[in-house]
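The following pair of complexes shares a single chain, chain A, combined with chain B in the former and chain C in the latter.
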Partner chain A sequence: MTHIRLEIQLIALVTAIACALPGAFLMLRRISMLSDAISHAVLPGIVIAFFFTGNLNSPLLILAAAASGIITAALIELLSRTRRVGQDAAIGLVFPSLFSIGVILIARYASDVHLDVDAVLLGELAFAPFDRIVLGGTDIGPRALWVTGTILAINVSFVLVFFKELKLSTFDPALAATLGFSPVLLHYLLMAVVSVTAVGAFDAVGSVLVVAFIIGPPAAAFLLTDRLSMLLVLSAGIGACAAVGGYWLAFLLDASIAGSMASCVGLLFLLSLTFAPRHGMVAAARHRKLQRRQFTRQMLLVHLLHHEGSPEEEIECRCDHLCEHLRWDSRTSSRVIRSALHDHLIEQNGEKLLLTRAGRSTAREALSGTVPAGSLV
Partner chain B sequence: MLAVQASGSFIGLDFTLRTVALGAAVLGVVSGTLGSWAVLRGRSLLGDAISHAALPGIAIAFLLTGQRTPLTLAIGAGASGWLGAMLILGITDRSRVPHDAALGLVLSVFFGVGMVLLTFIQRLPSGTQAGLDTFLFGQAAALLPREVIMMLILGAAAILATVVFWKEFKLLSFDPEFGRSIGLPMRRLDFFLTSLLVVAIVIGLQAVGVVLMSAILVAPAAAARQWSNRLEVIAPLAAVFGAGAGVTGALLSASLPHTPTGPTIVLCAGGIMLVSLFFAPGRGLVANAIRMRRVRRGLRDLGLLEDLFTLARKHADPLHPHRTAVLRAMTSTPETVSPGLRHLEQRGWARRTGPDSWGLTPGGWEAALTRFGPNGDQQPGRNPA
Partner chain C sequence: MEPLGGEHRSGSEGEQEPSSPSRSDLSVEPRAERVERSPDNSLPSGAAGNTRPAIEIRDLTISYRDQPVLWDVDLEVPPGVLMAVVGPNGAGKTTLIKSILGLIRPAAGEVLINGGPYQEHRKEIAYVPQRGSVDWDFPTSVLDVVMMGLYAQIGWFRRPSARHRAAALDALAHTGMADFAGRQISQLSGGQQQRVFLSRALVQGASIYIMDEPFQGVDATTERTIVDLLQTLRANGNTVVVVHHDLQTVPEYFDWALLLNVRRIAAGPVTAVFTEENLRATYGGRVPWSHNRTDQSFVSDRSDPSGQTPG
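Let's look at the complex of A and B:
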């Protein structure tokens, strides 16, 4: 039994990593939703190939599904090229239609076979270890592991071999084209890789989880790093965590494995979204707060500098007058004054505020804009 | 047109079919109207995400109340669909994650959570959970009159709200900056329009299902877009297309064996879209091809006329004929010379003087003079043709 558990986790792990690699490029190219389209639209390809072979395990099914994935990408491209609909509408038109054709074909002509639409959407990961490959009398492991393992190998070598080209055409397609790389060819290569991944993976984990694994981990990793190579590594790592974590979540709750893994992807993304050191919500909120404080302090210093030595200094530079003149509430003004006093930028003489030497130069810097860029950002 | 046909044959339908067709029509009208906004705002896939995000809400509503009444499930679906939509808008606004990634993420994660909850429901001892899985692909045939009534009320409310806020939504879609500058709460309007989209999706979920709902939003609107550039035309037309696709699909699915409703409606809507894409006047691809051909021919004729004119000016007799070979040598597309000359002959600008020689007619000389000027140095485009 533990053996089977281990195998399920291994299949999920391999699938997650295989999905994350092309997913990172899809996200950077702003075409993540193509993975959703492709993972749905492979259905008619599988059904038609099944009609020809009569065998659900035929490798021809994977080829046909991959072909229909590429056709989907091409149809979407063709439709948005007419410039009669936007790219998003093209996606929203093409894949539901193809998926509908697949569902109707199954319902009408294959309802008696084990080609269940639920299984396509949700996968049968729990049963994957029971479908084994036996070679020359010896059991060499579950079929799904071989399939996803092959796909992982393909994806890793694709990324390694075309790393430079992918990077260039993702971040600067125009330069890539002038340097003689073909962005179109690379786009379709990427689509082919996504299709093969979607097919191989959805056999094991279902099409919706494929989408979660392709889009989720790169989105979470995108908040953590600014380097492409790091993005790929982190995506793979986050995907792997979600796969294993999701398995144990499903085990604990006795619930759908694919669903739990997708939930785990969501959880990890939420963590990243909240706590990412630079691009997370908490960091952004803290940053905004810091900026606001810095700005109010500059306002105070500039205000004092402006009225320094002028006839109205006695009125303008009083603590209680700040509320009125700068439209601060009393809490804001007392906090700003306290912190400026603490940093020896101002001095207090009764109710009157005076700039110190340091305060005066800070105010001048703020006015002339010679503040070092780092302290403002 | 389809809707009219279908409603014409209503009398002959039995009660269930009539209910189903009415439900599908309501669904089509509401999705068409609200889908127009989504498509025009470049948010076609938001519907896809919202409909998937509705699944956990349906499951939770069922788990909490233990019943499958349309209203509780609709409230659950609406609440979690709305939450998903707000998350997408929030993630896109507040972080560096691209919009499409946020869409796909919310879509798949909410759907996954929904699947987890559905496994809980499947373990419940009661048999009442039957029918929850119709939300995946929809089952219009299972629509009950009370469900259709709920769809009707919700749909009417949504469309009424759209009509009342028409002007504001139009600003939001086409010039949000201007809207903001005249003091309209654009963010809140955006939330409101998105919420109405959620209502449209909730209406459609039971009939077409989570997976294909987005197509019912996108296809009629994208089809209607081909026929007009005016929102006042697009939205009603999309409603008509949606109703047509809904009714046709529902009836087809009910009359053919083993044909699920959702996919059939989607294919009907896709068919309408395809026909519009090719055959709509003006924007349609066929009309466009014909126009392009006419323009190309016109330019070709003009070029040929200019060449004939250039030759004629070199001659004492402007009407002196020239050999086709000379004309062929003057252009980069020699194969267009013969058909072009015949065309000029039809317009009375050129005449054939021998088996292989052509010259300008006096009318052709005049036409060339007005277009190219006496020295032949005027740009033909600057003069009215």
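Let's look at the complex of A and C:
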């Protein structure tokens, strides 16, 4: 029993990594949802290929899927080029049509084979280890592991071989074109890889989880790094965590494996969104707070500078007057004054506040707008 | 309108000063200050002295659906000029440079780069797109972006080597951005982004540089850096074509100009073609900078106190 558990996790893990790699480039090109379209629209291609081969395990099915993925991407492109519908609507128009053609084809001509719509959408990871490949009398493992493993190998080599080209054509397609690296060719190569990934993975994990694995991990990783190579590594790592974590979550809750894994992807993304060191919400809130503090301090210093040496200095530069004038509550003003005193920007003389030399120059810098960001730190 | 053909330069050495007496009757005085920059060996040098046009455009027509964006444009850009492309919004400036770069297929006409089609002269031409054309949140470093300029040299599948890194760092030094090599590109200001793009073009070692509004939204320091660099590139014999918006600086920065509004209005030396009449023809009577002025006063207002007419 344990090796079956292990195999389920292994299949999910391999699938997650295979999905994350092309997913990272889809995200950077802002076409993540194309993966949703492709993972559904490959269905008619598979069904038609099945009519020809009569065999669900034929490699021809993969080729047919790649072809229908490219056709899907091209149709969406064509439709949004007309500028009559947006790209999001074009995706929503193309893939349900193609998917339902597949559904009708199955219902009409192939209702007697194992190719049901539920399996396409949700997959059945729990049963994947029971479909095994036996070669010359030896059991060499679950078929799904071989299929997804092959796809992982394809995707890793695709990213390694075309790393530079993918980076260039994703960042600046116009430059790629002028340098002779056809961005159109690379786009459709990527689409073919996404299609092969989707079709290879959906049998094991279902197309909903494929979409979660393609979009979620790169989106989470994007907030954690500023380097493309690191983005790919982190995407793969986060996908792998979601796969294994999701399996054990399903085990604990006695729930759907695919559902738990997809939830884990969402959870990991939320974690990254909240706590990412530079781009997370907590970091952003902290940064805003810092900026606010710096601004209140500048208000104090500039106010003191304005009234320095003026007849009304005695009144304007008193602690209690500041609260009123700058509309601060007493807690804010005492905090600002305390921190400015601590940094030797002001001095206290009885109730009166005086700028130090450093405070004066800080105030002048603030007025001229040249104060460097983060100088409070 | 000055036909360009008669204005052929013999080369950068034999270049006539724009202020030579034979041109003094032109309505626009030449910009008093035209600093002749000395060539800089560390920057790419072009084919100075070559009489073949760097860019030759014949009967170029480009339309978007039924709407002509460019209409029967002829242009010869001689080698070793620093040319401004000016015209109102929608005049087809960006379309023109994209068609020079082979990014847009023309409805009619042809573009020759150094006498041949773009595909055969790819490596002789470098492109600086508008800063806003890329996503600056892309996870990559400044050095990486500059190295992209070398990808054509590196070729398919191969990785950049230490030599390429050194070349990219060198190009960054020319725009004063060497200290930013490791910086994530989203942390740059607009002017710094533009300088990174410029470095990326420099590293290509091309002889023709095509730039789309490099001065758009940059600070004064960056503008000065870019102008100095462009003039040095020109002094090295390179050809530089710049889509430019600020008409006031055209006589100061450039020695050649194309006035474009769907059709070619005029092209040639700034001193010859940058006239009130041509500008009116280009901008439909509403020349952005000269409401109640004559062009004479425009030029003298702008003259730099330190500027002396050379020669």
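Everything below uses one rule, namely that the second predicted complex is superposed on the first by the 366 of 377 C-alpha atoms of A that agree within 3 Å, B and C clash if a C-alpha of one lies under 4 Å from a C-alpha of the other, contacts with A are read in each partner's own complex, and residues count from 1 in each chain.
One rule holds for everything that comes next: a contact is a pair of C-beta atoms (placed from the backbone, for glycine too) under 8 Å apart; a residue touches a chain by one contact, two chains touch by 3 or more.
These numbers come from a predicted model, not from an experiment.
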* Asked: With both structures lined up on chain A, is it a clash or a fit for chain B and chain C?
  -> fit
* Asked: Touch check for A:Arg84: first (chain B), second (chain C), both, or neither?
  -> first
* With the two complexes superposed on chain A, say which partner A:Gly245 touches: chain B (first), chain C (second), both, or neither. => neither
* Touch check for A:Val211: first (chain B), second (chain C), both, or neither? -> first
* Answer with first, second, both or neither: which of chain B and chain C does A:Phe222 touch in the superposed model? => both
* Which value in Å is the smallest Cα separation between chain B and chain C when the structures are fitted on chain A? -> 6
* Structure fact -> The shared contact residues of chain A with chain B and chain C are 30, 222
* To do: Could you pull out which chain A residues touch chain B in their complex?
  => 27, 30-33, 35-36, 40, 79, 82, 84-86, 88-89, 91-93, 96-97, 99-101, 103-104, 107-108, 111, 117-118, 121-122, 208-209, 211-212, 214-216, 218-219, 222-223, 250, 253-256, 258-263, 265-266, 269, 273, 279, 281, 284
* Can you name the residues of chain A that touch chain C in the complex? -> 28, 30, 161-165, 167-168, 170-172, 174-175, 177-181, 222, 225-228, 230-231
* To do: Give every residue of chain C touching chain A within the complex, in rising order.
  => 98, 101-103, 119, 122, 125, 127, 129, 133-135, 138-141, 144-145, 148-149, 151-152, 154, 156-160, 184, 186, 200
* Asked: Contact residues on chain B for chain A in the complex?
  -> 39, 42-45, 47-48, 52, 91, 94-105, 107-116, 118-120, 123, 133, 136-137, 211-212, 214-215, 217-219, 222, 225-226, 256-260, 262-264, 266-267, 270, 273, 277, 283, 285
